[in-house]
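What follows is chain A paired twice: with chain B in the first complex and chain C in the second.
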Partner chain A sequence: MMRPSVKPRVAFFDFASCEGCQLQVINLEESVIDLIDIVDVVSFREAMKEHSDDYDIAFVEGSIMRPMDAERLKKIRERAKILVALGACACIGGINALRNRYSVEHVKKVVYGDADIEGNPFFDVFHTKAVGDVVDVDYYVYGCPISRDELAKVITSLALGKKPEIPNYPVCVECKKKENVCIFEKGGFCLGPVTRAGCGAICPTNGSGCEGCRGLVDNPNTDSELDVLKKYGLTVEDALGRFDLFCYKYKGEVSK
Partner chain B sequence: MRVIKKEDFKEFVNLLIGDDTKEVVGVKAKGGKFVYDELSSADELRLDFDVTVLSPKKYFMPPVETLLRYDLSSDFKVEPVNEVTPLIIIGIHPYDLIALQQLETVFRDTYPDANHLLKLERSILIGTNMQNVSPHSFAASMGTATTRYGYDLMLTDIGDSYYIEIGSDRGEDLLERYARVSKPDKTHEQRFESVINGIESKFQKALNFPPEELPSILARTYDSKLWAEKAEKCLSCGSCNLVCPTCYCFDVQDVTELNLRRGERIRTWDGCLLEDFAKVATGENFREDRASRYRHRFMRKGKFLYERFGFIACVGCGRCASGCLPDIADPVEIYNTLKEEAL
Partner chain C sequence: MSKKIEIKIEHVTRVEGHGNIVLDAEDGAVKQVQWQVSEAPRFFEAMMVGRDYTELTHIASRICGICSISHGLVSLKATENAMGVKISDQTLWLRKLAHHAEHLQSHVLHVGYLVAPDLFGVGSVFPLVGTHKDIVVKIIKLHRLANEMSDLFCGRTTHPITLTVGGFTKIPTEKELVALRHRLDDAIETTKEVAGVVLENAGKLPDFTRETEYIALSSGDEYAMYDGVISSTDAGRLNNDDYLDITNEFVVPYSTAKHARHKRDSYMVGALARFNLNSEKLSPLAKDVADMFGLKPLNYNPYMNSVAQLVEVAHCLEDSISKVDALLDTGLKDEVPDFKVNPGRGVGVIEAPRGLLIHDYTIDENGKCIKANCVIPTNQNHRNIQKDMEVLAPQLVGQDKDKKEIELTLEMLVRAYDPCISCSTHYLKVDFE
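Let's look at the complex of A and B:
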């Protein structure tokens, strides 16, 4: 009998995000019954009214945009034994990090115009940060949105006391296993060769290039990826632009 | 030897499809490329293919395969799983037939692998000689452009008919039961000879030396600068491994369901070019840098497996070269350069 005698207490939190990754948890459908059989969900704003600050595992969705977010996140970290970043926004800054190419002042001006927000902590934003830029993260569930299978894998691994196996190989691996014709050979562009797999190559399998929503592998060969993008007809600028949508975080390293 | 008229061959294939005892797969077009897939009619079969994206290895060593199922809920229960769909595969080029033979040797070695061997045993392999050749293929250099073994039947397009070589009793039985064939006459024999003799001239790529020299060339070039130079561009994407008909490395994982009761042990394709391939439990990685992983693949194909099994584990299909986005995987280019270095 490998099931834990005391169920771990689990809480879900959200920061700047569409909350779609938490929706994926709810979308586990009948497996939700299995989930609450092995863990006690003590806080989950999107799914229940109750809330408790006493938890073992915190799942955090969203990116960190303001000092007040950072403070709240630090408190969550203090209370949790294990903290799991949930989805692209939490893991790599995600789409929210797109605005990091502009100054904070410029962004505020564009969004709020001349409104009086001076000194109001709700509008006191800094450059978008991933959860791991602010606190230590124990495990990452990547993707936009996360994959339910991978989430289940992480939860079962934690419940069984083992390290979840998250791929550190690129999407090409999953594409080849599915015998997809390479997106580049079909005249498209793809970040698959440097992006962390685990999505089952869902975008290339359905005919569109990988946008890098799971972030890059641990040691991506971005120079070679840029060469490939150029070989297939992109300018340097356009090739770099491929990293904007999800992988802005890595762009500094890519363009070095 | 037999001959079958092309229209009779179509009927033969359709009869095989109509018979439910085995699933019939063959080469079909897909997005400008070719793949092995289930046939619903003989009209889908494209025996004029140059090369398929994946080799028929995928049927005998599936990309993801369940090895056992377990149930932890009461007594610890484990049952082995060996899901076998008996197949008739139509249209395997000689180099892929030889690759399948190599895999069989590997999977019979030490601990015979029932999951691989049973699938192979229950399947019928119908080869076809190459009508078209991939621009990256160099099978003629590797001695794998034609083969005299490894098939149940072997087809050669001789114009209005296929010339059929019979490689096994199973193959002969299949013809007897389903096909309208005749004995070849002199003209058929001459046309067959001429087609076979013309195959080598279709290759655009060639090694500059006999493949038997590879093990000693690689022994002398282990410290070549070439490995690091080429590997600088390597994406570590494993594409060269994954499309290779002779690569057989796999990873094994236990996947437990959310209920923490039932689960499966699966094996899935791995590749020595991937960063974590040689990483072990302590975090130590025996081939941490791209260059050592890149070199390892060529060493293994041309030297290590030769030393263990007596064959060069490259059949010259050229899939690695065509699948490599930064264009660094072409064995012809690498081996010919090393030959020069080793002089």
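Let's look at the complex of A and C:
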């Protein structure tokens, strides 16, 4: 592996999430040893006790749910030269945004009832936000969870001062390369035609339709998606009903 | 002059999620000690309402990145119980293997990466790469095997793809099972070596005991992990459908995660609870590992939970070998799930790595979820952690330990429970005490 002249200082942070994306760092297994050869990990609460506020690259997992979280995120942004959103919750709100179907008042009422939580900052939630809704994001590592190979590539690129390359073509491209039988042909439903690739079409390859966890490609070919739906006797409502599992954030734009 | 100790550990490290420890002592007396959970609540049950039954397992797995397979599996159990779906023996065995893969991954992660640094007196596993590379490489080898076993049965390490209502969307080939069989055999030796090194350093585990109630699944057939009846060291066998009367969740204002209690003011779930209730059903090597550490039921030292996890690593490996053999004997068949959508309510129970996990769904005639409730292991443990601290902190302060040692001992206590805080702030409905 090429080594940078100066090791960049890297920090990992998490907000509302399952921490499964940070776990993929540990899931790099032996490659973690190579990784700490090219970067200095200075903060990674899930795996280490040491912490430093002096870092170059911040990886941020999770959605932003409360003012106290937004303030913490802004401080991270101020300190980092490069901020990378890690995973669906951070990139597009992901599954956390599913609750944005309801008003904040409704959710609070359902969850806390008449309990006295006014003024308690722990419980002061707003509608789920992606990291990019609160601060500027330099790069996105998509997916639920992220692909650990893609993460290793991104870290290596950034350590070498290069711009990481993230695919901007649909999952169908990767799926066809793998010569999978189309999920629609098998009577299933799949968001592969409009979802950003990079996962190696992992869900269709395992016999399950794409759920759109990497979000939309930049210019989704909605006409072709409509053709596919028509061919298999499905409606736009069917599609949107599945789409908001991870992509609630885009729902307003797409349904127009 | 009075001697004050003020501790505020914000965001305890090497645990999943955000929790704080607050201690306030003066002249040898503890005025306040609190285990606070500050993680943002995530409202999963609200997310499930209105969704199709086919999506519930995929939503549920996102509650936790470490125990996504247990959440996926228990979600299927609740869905299948609600709709009256029966699964084949092959599906049952494959699911149990997927579940073992997760226990292996989670326990190796916890003992090897999160607890071991305390035993070696360092802040993380990273410096151990330089000083103890041999053992780190062995731990990584076990961790990799566990993850690749998850890949094989679930299609992915985190957030399973292949688990679906009634069966699987894809199953391994016999050739892949044979290859796995060899690696599991090989891992037995590695596990013995890792256990040996942990034992050499186990003197750093504090000798603290506090009697409490332990709750876990029990089964007449095997060491209960995938299936069983909710059982208690205080109350014996209970009824799974009465889980609300067992867990009795409630909220305290210093925690966004619920607390729970049953017969006493708190109880514990997890590897130590399973060991305390079911140790006689462990595999031979698992019993050997327990003997190595002198672990016997009933053990009331929460720090021994990490040792109980190591015991379960041995058990999961040996039990996986016998299940793979059984599958290879019968041969694998391609099965297509066959069932109808029926309305109903179903409760699913399972032992997640961190303990008893319960999902309860109501599904309507169109296959939509109309009600969901999830009871998470860490929620059940938060109060036991708090109660441990209330006994442990005065002991430490009374022994005139310095602030650093008190901090470390309290942090190690939290870590011993292997809390999964994101899980425990998943939330539906709560009542304030």
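Operating definition for what follows: the second predicted complex is superposed on the first by the 243 of 256 C-alpha atoms of A that agree within 3 Å, B and C clash if a C-alpha of one lies under 4 Å from a C-alpha of the other, contacts with A are read in each partner's own complex, and residues count from 1 in each chain.
Note that a residue touches a chain if its C-beta (ideal position, glycine included) is under 8 Å from a C-beta of that chain, and two chains touch if they have at least 3 such contacts.
Keep in mind it's a predicted model, so treat the numbers as computed, not measured.
Asker: For A:Lys153 in the superposed arrangement: first (chain B), second (chain C), both or neither?
Answerer: first
Asker: Comparing chain B against chain C, which has contacts with more of the residues in chain A?
Answerer: When the residues of chain A touched by each partner are counted, C comes out ahead.
Asker: Figure out whether A:Val173 sits in contact with chain B (first) or chain C (second), or with both, or with neither.
Answerer: Touch partner of A:Val173: chain B, not chain C.
Asker: Applying the document's definition of touch, where does A:Val6 land relative to chain B and chain C: first, second, both, or neither?
Answerer: Neither chain B nor chain C is touched by A:Val6.
Asker: Taking the superposition on A as described, I'd like to know which of chain B and chain C A:Cys144 touches: first, second, both or neither.
Answerer: In the superposition, A:Cys144 touches chain C alone.
Asker: Touch check for A:Val41: first (chain B), second (chain C), both, or neither?
Answerer: Only chain C is touched by A:Val41; chain B is not.
Asker: A:Cys21 in the overlay: touching chain B, chain C, both, or neither? Say first, second, both or neither.
Answerer: A:Cys21 contacts chain C only, not chain B.
Asker: Provide the residue numbers of chain A that touch chain C in the complex, in ascending order.
Answerer: So the residues of chain A touching chain C come out as 15-24, 26-27, 29-30, 32-33, 36, 41, 44-51, 65-66, 69, 94-96, 98-99, 101-102, 107, 110-113, 115-116, 120, 122-123, 125, 144-145, 202-203, 205-208, 211, 241-242, 245.
Asker: Which positions of chain C touch chain A when the two form their complex?
Answerer: Going through chain C, the ones touching chain A are 11, 13-17, 38-43, 46-47, 50-52, 55, 58-59, 62-66, 68, 109, 113-114, 117, 123-126, 129, 137, 140, 143-144, 147, 155-159, 161-162, 164, 168-170, 251, 253, 255-256, 422-423, 427-432.
Asker: For chain A, which residues are in contact with chain B within the complex?
Answerer: Against chain B, the touching part of chain A is residues 1-3, 28, 31, 34-35, 37-38, 152-153, 155-156, 159-160, 165, 168-170, 172-173, 176-182, 184-186, 192-194, 217-219, 221, 224-225, 227-228, 231.
Asker: Using the touch definition up top, name the residues of chain B that touch chain A in the complex.
Answerer: It comes out as residues 30-33, 35, 53-54, 58, 63-64, 72-73, 232-239, 242-243, 253, 255-261, 268-269, 271, 274-276, 290, 323, 325-326.
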